[in-house]
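Both complexes shown next keep chain A, but they swap its partner, so chain B is in the first and chain C is in the second.
After this line comes the complex of A and B, so read on.
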């Protein structure tokens, strides 16, 4: 809340302070003797825009989407606005669709492998960057490129790289392998999208972990060194535990970021071949905007939010254990 | 602020309350004066807007045309139309392709429909079902060009009795071939039958060059690219478990299996397909007239031939692309103005100019024939217009769901996740309940 009090004169002389830094006792009665301040609307006015923003742009769409998932909202009913409530029918329809379950499994696997590699790569790089070496700052800047490059561009580049006649297969050919049908075969296409997502997401993990490591006091390491702990012992016994609050935040944000990935997969495979790479996000989009079944798409989106909550809850439990 | 200095600090100082500069600005009477002036100006403008509608009718048109030539053509039409009808003003609203339908529905749902929406032809009947499109059958029957409309485009805009729009123009698919690669491989004439097509593809396949390239990506594009083969073979999306459908899909699967087409076709959209052709990595491609400009620019010596048919002498049946001017239900005055605009675009000479700049084939026979005579590249597409079908003729309002099932089958068969028969059978089982057949 705001601590600003508009009626306090700005040039109030500082309260007399006793040497230990606390306000002198003589100051207290003056405050107590004042009339009880009347309700101050000013601070609330200040936060009003923010509250309105949250209500209109964040809460309303969520609630609307939720209600939509219980209504029969298709092309025929959307315009007239009389979308009748049909209970759980759309959830049943979604749950009965094998493509939905494929998308659920894909989303979980996509998130798991993406985060596993993003976090590991980010952590190892962060360790490396604790050491000083020439051109460190340049490398630091270069490592951020995947994170700042637009996903649209990155996805198209990966699509080109994984092309049957693309650079990756040419390289594989040099070492006597392939050609692999990277994006043309369901068994390869899904890992290919994960690889692309790892590339896009690892700098985010790296930057946060790097900053987290820098905030660990050096003397802890020095003490350990004197005690004779070697490098990996220091990493395992000091860096990892002291980095826990940062890691928790990174993993949680990573889960959210990864579960909602849409553009990358949509551009690289469009959810194909034969629905093999659909995530919940691309599947919901297809149902909503290609089939124009808004109600079922909203139901899928709601289930997707539940999945994010579930995954984060799982992480929480794992951490407690 | 007035003091735009290169260094950041002096600029920042301007905001400090103690800065003399700031004080001066605060106290000068010019600032409130300006504010009042601009407020007054706004009021004037508002008054102007408020009094104007008594004479001027505003016609809003939503569309997704973004290519330079297309927007130029639209702006020219607007200029000419407004000069001829000073009481009507045209406003174009651009909406990205994927959002046009949902945006139009949204606008109608909040009772602010656009006057006209340029809707992709397979969507017209589906949107008409939502009850937001005006039946303009009485009006179009008075258009001189209406009697000359090809049967395919006519089917796309009407459900038999009612008419929900007027086509801007049509496009379809044909085979583009690289003349030099054909000559090098000893292919003397462009393929006319499936057997000749496969033969030409076999001869011209010389790694890394593929004989043929098409799009089988997980979007509507793959169904649309497969339909010429399905329909020319007498098949339909409603009966995917038939022998006709099996043979049409087997044709594609064989190309990929034999390496005449890349396995990547399941990921190539209609942007990737011409890229392969234009960079000399494919001898033939299946694509439409909208790409002519870029293919010419690539410097490749190319020819175009109609879609090959199963047996000699048969007629190719291709799906129709292209957008339709649709009038939305609303204020009757706006509706009339919208119809006036559509009629204006359908005057033969103007229609030809629009279609030429769009690289579309007119849906009106006489205009299309003129286009074919003037431009040999368009001739194969004009030839196909007589037998071309609207996609909504194959499934009506259920077309999107049917198309989705069909392309899943196409992708399954092409990636070897199931036999052609099994994939099509699965799709047919999904489609039949949608159509209410057994």
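After this line comes the complex of A and C, so read on.
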């Protein structure tokens, strides 16, 4: 604990300051005339635990990770305790590694195809569920299960489904195909992880788009219907444009979540075979915890954050266009 | 041409049920598969119903998993309680008592949620090794809270916004202190939100793998997910252990969904859209 505090960076962030007491003095006379009792230090007392947690367990690790990316932090230096600064060497090492670039491309493709299908499936389901029908609430609740259950469960299920002797190949066998070595073949394993991730994420898209569609006023549809617009015309001309704010939120959150995916791929393939399924998250983890090169892992983590920012910026620009 | 709107309602029900069944078929496989022997599971033809229900899979898995279930329960419950204790007063204060810097705090939480877990895992592992928090459940709880706190604060803020503040004011006029009003008025009124956020804060550490994988190497302290992860070993996969274990891991989440899907819907859409 002592060490933690001692190493808290001096250039403190604008994020979480506790200007304790100061507003109390300023507000005192104004509040004195009112019935409301002293509000002065109370607001800060209420947020104090959270601010401390943020400083020690959120901000400090982020800054630590950033500085670590400029240090040599391998097994030797980790044990001896001093991790010397060595500038950009970790970044150079990462950028020169073909597996890193493979992981970058995979991360982008993984996010793109996951979100494309999650959104499409979620959108179509949301359309279907706009109509009230018997058993609707039950179906809706059941469809949430892939998303709320632990990723480990989904990962193990798809590990089994894509097993060489598993159900998918059993079906393929019925129609005279296969067997395909889904997870053992570099060409098949990556799409297999995407399929699993689509399954995990579609309910989230569905639920948000469903709620978004419900908030579109019914009379807009009625007016269009009276004017003779067909169902799909109404979807294209009313639902899609009016859903835009929700869609943007869903896509941005989807990007953030998908770039963060770790467990699924780590359990299903561990990044293999032949590094074919590595995402930046699994690759950084492998460099850090299997190869015990924490400095380079931290550098990859920093580059990963830059990628998240870039993808979100790209979406903002696309939205403007 | 007016698509499915003109169809009788039960037709739509049939379509929706079929689609739901297809989308949930992976669960059917794991559920039935957990009662099959490996030979049946990966036979050359499809086995839809196990011929001899291998109940032994479940009893074996349970006896092996129970200590880890206990670890997971401790860690998840402690994380949920700790998260609520920290975020509930903060969400209330940020929304109604308006401390300075609240905007910064909220934006910081939003940004934190965007960061990948690896950004936290490496520093926490290094620092926790130095202060002997590696291989302790307490260390794992603290690490899990780095996931739950930003998420919980954002979600709880949405609930706190809807709090009828007149109730608090009435209590203050009656002479209650701000702290007393918080416990006697704010918490009871926002209870549905607290429960929803609390359950999410329970499920996140329950399903966590990355922190457990990096911080807990001692077998006796490992949570459920880690024990199952290890079942995929170098000598192949122990399917008759892995499948019941995977179902078991999903049980809290499934129970939650079936009991409270309405709360989840409300919670998710509040947090994300508003």
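As a convention for this text, the second predicted complex is superposed on the first by the 280 of 321 C-alpha atoms of A that agree within 3 Å, B and C clash if a C-alpha of one lies under 4 Å from a C-alpha of the other, contacts with A are read in each partner's own complex, and residues count from 1 in each chain.
Following the convention adopted for this analysis, a contact is a pair of C-beta atoms (placed from the backbone, for glycine too) under 8 Å apart; a residue touches a chain by one contact, two chains touch by 3 or more.
This is a predicted model, so every value here is computed, not measured.
Novice: Given the alignment on chain A, is it a clash or a fit between chain B and chain C?
Specialist: Once chain A is superposed (C-alpha atoms), there is a clash between chain B and chain C.
Novice: State whether A:292 touches chain B only (first), chain C only (second), both chains, or neither.
Specialist: A:292 contacts chain B only, not chain C.
Novice: Could you tell me if A:43 is touching chain B, chain C, both of them or neither one (first, second, both, neither)?
Specialist: second
Novice: Could you tell me if A:231 is touching chain B, chain C, both of them or neither one (first, second, both, neither)?
Specialist: second
Novice: Report for A:275: first if it touches chain B alone, second if chain C alone, otherwise both or neither.
Specialist: After superposition on chain A, A:275 lies in contact with chain B alone.
Novice: Examine A:186 and indicate which partner it touches, taking first as chain B and second as chain C; both and neither are also allowed.
Specialist: In the superposition, A:186 contacts chain B only.
Novice: In the overlaid three-chain picture, which partner chain does A:78 touch, first (chain B) or second (chain C), both, or neither?
Specialist: Touch partners of A:78: chain B and chain C.
Novice: In the superposed arrangement, does A:320 touch chain B (first), chain C (second), both or neither?
Specialist: neither
Novice: Please name the chain, chain B or chain C, that touches the greater number of residues in chain A.
Specialist: For chain A, the partner with the higher number of touched residues is C.
Novice: Going by the contact definition given at the top, which residues of chain A touch chain B in one complex and chain C in the other?
Specialist: After superposing on chain A, chain A residues 78, 159, 163, 165, 289 contact both chain B and chain C.
Novice: Enumerate the contact residues on chain A facing chain C in the complex.
Specialist: Counting only chain A, the residues touching chain C are 1, 3-4, 13-19, 23, 35-37, 39, 42-44, 46-47, 49-51, 53-54, 57-62, 64-65, 68, 73, 78, 125, 128-129, 131-137, 139-146, 148-154, 156-161, 163, 165-167, 170-171, 173-174, 199, 202, 204, 207-208, 211-212, 230-232, 246, 249-250, 253, 256, 259-260, 262-263, 266-267, 280-281, 284-285, 288-289, 294, 297-298, 300-301, 304-305, 308, 312.
Novice: Residue numbers of chain C touching chain A in their complex, please.
Specialist: It comes out as residues 1-5, 9-10, 12-13, 15-17, 19-20, 23-24, 26-27, 29-30, 33, 41-46, 85-87, 89-90, 92-94, 97-102, 104-105, 107-109, 112-127, 130-131, 142, 145-146, 149-150, 153, 169, 172-173, 177-179, 182, 203, 206-207, 209-210, 213-214, 225, 228-229, 232, 237, 239, 242-243, 245-247, 249-250, 253-254, 256-258, 261-262, 264-265, 268-269, 272-273.
Novice: Using the touch rule from the top, collect the residues of chain B that touch chain A in their complex.
Specialist: Per the touch definition, chain B meets chain A at residues 98-99, 101-102, 105, 108-109, 126-127, 129-132, 208, 217-220, 262-267, 269, 281, 400-401, 404, 408, 411-412, 414-417.
Novice: Enumerate the contact residues on chain A facing chain B in the complex.
Specialist: Answer in residue numbers: 75-76, 78-81, 159, 163-165, 181, 183-186, 189, 268-276, 286, 289-292.
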